[in-house]
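This is the structure, below, for whatever I ask next.
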Amino acid sequence: MTALIEARRLEFHRYGEPVFKPLDLVLEPRQVVVLTGPNGVGKTTLLRLLAGILSPVAGTLAIHDSMTFVGHLPAVKGDLTCRENLAYEQALGEPGMTPAEALARVGLAGLGSRPGRALSAGQKRRLGMARLLVRNTAIWLMDEPYASLDDAGCARVDELLASQLARGGSVILATHQRHPALDPDQVRNVVLEYGSEQEFQQ
Amino acid sequence: MIWKKIKLWFHMLGSPPTFYRFGQVLAPWLWGAFAISAAIGLYQALYVVPSDYQQGDSMRILYIHVPAAWQALFGYTVMTVLAIIALIWRIRMTEIMAMACAPIGAALTLLCLATGSIWGKPMWGTWWVWDARLTSMLVLLFIYIGIMGLYAAYDDKRKGARVAAILVLAGAVNIPIIHFSVDWWNTLHQPATIRLMGESAMDASMLPPLLWMVLATKFFFGAALLDRSRNELLQQDRSKRWVEQQISGVPEQA
Amino acid sequence: MIPELTHAPYVWSSYGLFAVIFAWQFLQPMIKRSRLIDELKQAAEERRAAGSVQS
Amino acid sequence: MSKPVGNAPKALFQRDMKLAFRRLGESLLPLFFLFTVIVLIPLGVGPGPTLLARMAPGMVWVAALLASLLALEHLFRPDLDDGTLEQWFVGDSGVLGRVWARLASHWLITGLPVIVFSPLAAEMLHLPHHALGTLIISLIIGTPALSLIGGLAAALTLSTRGASVLLSILVFPLIVPLVIFATGAVSMQADGLDPTAHLGLLGAFTILAMTLAPFGISAALRMNLE
Amino acid sequence: MSKPVGNAPKALFQRDMKLAFRRLGESLLPLFFLFTVIVLIPLGVGPGPTLLARMAPGMVWVAALLASLLALEHLFRPDLDDGTLEQWFVGDSGVLGRVWARLASHWLITGLPVIVFSPLAAEMLHLPHHALGTLIISLIIGTPALSLIGGLAAALTLSTRGASVLLSILVFPLIVPLVIFATGAVSMQADGLDPTAHLGLLGAFTILAMTLAPFGISAALRMNLE
Amino acid sequence: MTALIEARRLEFHRYGEPVFKPLDLVLEPRQVVVLTGPNGVGKTTLLRLLAGILSPVAGTLAIHDSMTFVGHLPAVKGDLTCRENLAYEQALGEPGMTPAEALARVGLAGLGSRPGRALSAGQKRRLGMARLLVRNTAIWLMDEPYASLDDAGCARVDELLASQLARGGSVILATHQRHPALDPDQVRNVVLEYGSEQEFQQ
């Protein structure tokens, strides 16, 4: 079966220096790729490259299917209610669940009419995840999905990952402390390394 | 200590159920008083008072215009006092009453502006000029609206009331400006001619209806204030027990 | 026996405005309250029906 | 490629509108400026009708300009800060479309109200009635250019890089000739002269902006996301 | 209680200034706007010196007012969003001082430039030279009040949805009297009358604002952080 | 020895409902209080109460010493460089380390002249932590210090906590997944509970 994402010798430079070592990455269907590496090594940068927000400085990148990107910022409007935020997201492409369902899935049932800015940190993260559910895309790009979630929240993330795999989708996520609890041969770990000497490494 | 007494009295009235019943009893009387005094005032204004030799009958507008204007200003003063109490002692009823003053005052200001410009057409030959009195009165309208808007913009009503109370104090600056505008700037608008006590530049026969109308607007303000405050109270305490008892127990008029 | 006035339209429109605005200020709260009370009565009914009178 | 991107701009536009009105009708804002200007000027100037009439076009345009400028800072910055801007570039979803959508909502919120109420303003400022038509036309032709040029400037100021700041400082003044043409046309009409030449220039200006600005904007935006 | 808070306002002020220069493009907006107005109006009015002279005070003051209005939305909002505003209230660190610091920087960015360039404007608008002094004095006395009152309005509407509209609804009525005094004074001087009475009122207004506004602002800010 | 913070029956209400159950909290010198609880239970709210940003609706709160608060948002200006941000922070009160030292301590050596917005998520968090070091306050209030930090970063947090205890200071922090690795009798755990029924609990 064909790969969803193929990256060869991928590079991105900042201040004239490569951020991370040239990277080969292939994402197959029903696969979770876990990016790890120290702070500032370039996980977010890589995810944004794959998402198409940044364009590679060197190497080739081929994307073969639709994707959704949930970054460090949940990308929701504080003035809109949770429901409205999801409704907008849904209208962007091929729709998935209804906002109400999605909210229930991430554990925000009953907060649908709360304005986004009146959410706690974890609740914001959950709302960000819900964005993945209201859309129907083959590739999920998630930047530290477990950050500032309680244990129940982390468990829900694992559920979502499993369901995405089950429906033939794939995921690339960056994480630090917690790793997805999934059947190991569906998971591939990729460790990024600094592309250039960092002063703070000594 | 007098302040202690006042505060105590406020707190007594401050208990929502007490206030609610208090208003329930008092409001109808005030409305009645308003109806009577207004009836007398209007009758005298339209039938008794002789028409002015130069202005013709257009000066009868004065009996609407001036009471409205004065009450609009007085209403703001009342609101200011309430706002100060609300900010210092955080008595909830005063918060609610202060906020209830705004729409009434706005209506009166609107009436003053409208009658004023209606009067202006025959007198000055124009509906509107940008002179200080007129402008400052327009400003008062905007302040009233601003207060209402600010209060409405907050979900948490107590928070909203306290924030708006700050604005009330700020806007109070405008009241003296309105009053003295005719002295400070040379305006089209006439300077203060009416002295309710002492020597008035105005013919004595014109005074009684004015007095009646002024009285009427006072009653009106009190009555409307009570009504609105009680509504706000119901709205906010909808889930409290005393409301439950109120509406299930005592049958409500209207 | 409506009096014959000079500037009649100006005078009458002013007094008319007076009537309208004051009536509005009288009626609006009245109507609002009655609506509110109906609402609350219904809510109370439902709560009684649910059997839990909350305080 | 299963994602139909055609409706992304529409969705964005609708959301922007919702946000605008959620914010208690930001659409009212320009009206307040129009109003402020119309109230304050006569105060400063004294209520001489002829004088006011001469200033009317300038005043209305200043109001339009101010409304537009004031909203500029909210054009992209909030989206940059809350991470919704980078979402525009995810996948192959058309960026240009969204830029247009955003500009459209900006115009609807800042330009249109001024146009709608300009007759009232003209009346209050005693603008000769035969000039009103030209005023409105000048607004209809000109205000979109305000949004376009302003949008470019806003996109450039997003990043703190000295270069783009400089650029934005260069871009803003482009608005001045625009406003000059516009008011010029109106005053000419008021003086009984033929304003078509001015209006033509105005139109050319706007069309130029329409063809160039959106590309400049999306380029500038992407630059800021790196 | 070991913390000396005395220098917190100074630090804040210096940081604000630094930020203002980082965002030069946005900081220059008010000035740019002033120029547009002053360039624009004569064009509309035509070079009738007497006309222009009568308008001059009003124009300059409107420019000052709108310039300060332009910057208001950013007086506290960014600090609210990036979490630096709540830091003002941590511990017993003096909030009033910081409010003053913030207002000072706002005035330096919006008020001062107008004052500095007012002679130029007055010249372009043919304001009688003997009135220029009064104009500048009125600006020096008056513009701080603009910042104070504007700041109050900004603080009151900080966390509300309709921020911008509400903001202008609130600012407008509080500011108009100020502008009446100021422009009144200048026109009187221009007409050879004695403006001291008006300037006195203006001063009274400003002093009143100085004594009340800061407390109102800090109270409002705290209420809005809840 | 006397307590640094004493809170009795502390309450805060939103939408007329108590956020968390009335809380008694006493912070002694050389002590770390760890707040835990599900997302949205009120940890951040409590920290902001203690910091004096919010005022309690009920209960008493006494603060007996100076404090620094690092919230979910690092409270740094994106337009200023890391060094400038810290210099500002330092000028606020009694100074601690120099910005350079602080940056080195949190592992940002060499990034001093980076604008704040050009930092990675973890680097931003680290910069936030550095704010604690440039000031010399007895009480630290930290909201999820471990969020989006790599292992090295988390270890540094523990170091900082230890050093703060060593110099007689105290810390109150909220966290989810990772807990401070410190000698247990210096640590006290406080678990918050919802003050009112939450729909999403069912």
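Letters A, B, C, D, E and F mark the chains as written, and numbering starts fresh at 1 in each.
Definition applied: a residue touches a chain if its C-beta (ideal position, glycine included) is under 8 Å from a C-beta of that chain, and two chains touch if they have at least 3 such contacts.
All values derive from a computational prediction rather than experimental measurement.
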Subunit F reached from subunit A - shortest hop count over touching chains: 1
Angle of rotation relating subunit D to subunit E [CA atoms, steps of 5 degrees]: 175
Distance from subunit F to subunit E - Cα centre to Cα centre, in angstrom: 37
Inter-chain centre distance, subunit C versus subunit D - centres from mean C-alpha coordinates, in Å: 43
Interchain centroid distance [CA atoms averaged], subunit B/subunit E, Å: 32
Junction residues of subunit F - those touching two or more other chains: 72, 79
Where subunit C touches two or more other chains at once, by residue number: none
Where subunit E touches two or more other chains at once, by residue number: 22-23, 160-162, 166, 169, 172, 176, 180, 226
Residues of subunit F defined as touching subunit E within the complex: 48, 51-55, 63, 65-69, 71-80, 84, 88, 91-94, 136-138
Subunit F - residues contacting subunit A, complex: 37-40, 44, 72, 104, 107-111, 119-123, 126, 143-144, 146-154, 176-178, 198-200
Subunit D-facing residues of subunit E, complex: 22-26, 28-29, 32-33, 35-37, 39-41, 43-46, 48, 51, 54-55, 57-59, 61-62, 65-66, 69-70, 73-74, 81, 160-166, 168-169, 172, 176, 179-180, 183, 187
Complex contact set, residues of subunit E against subunit B: 149, 152, 156-157, 160-162, 166, 169-170, 172-174, 176-177, 180, 184, 197, 201, 205, 208, 212-213, 216, 219-220, 223-224, 226
Subunit B to subunit C touching residues, read off their complex: 31, 38, 42, 46-47, 51, 56-58, 60-61, 64-65, 68, 103-104, 107-108, 110-111, 114-115, 118-119, 121-122, 220, 223-224, 227-228, 230-231, 234-235, 238-241, 243-244, 247-248, 252, 254
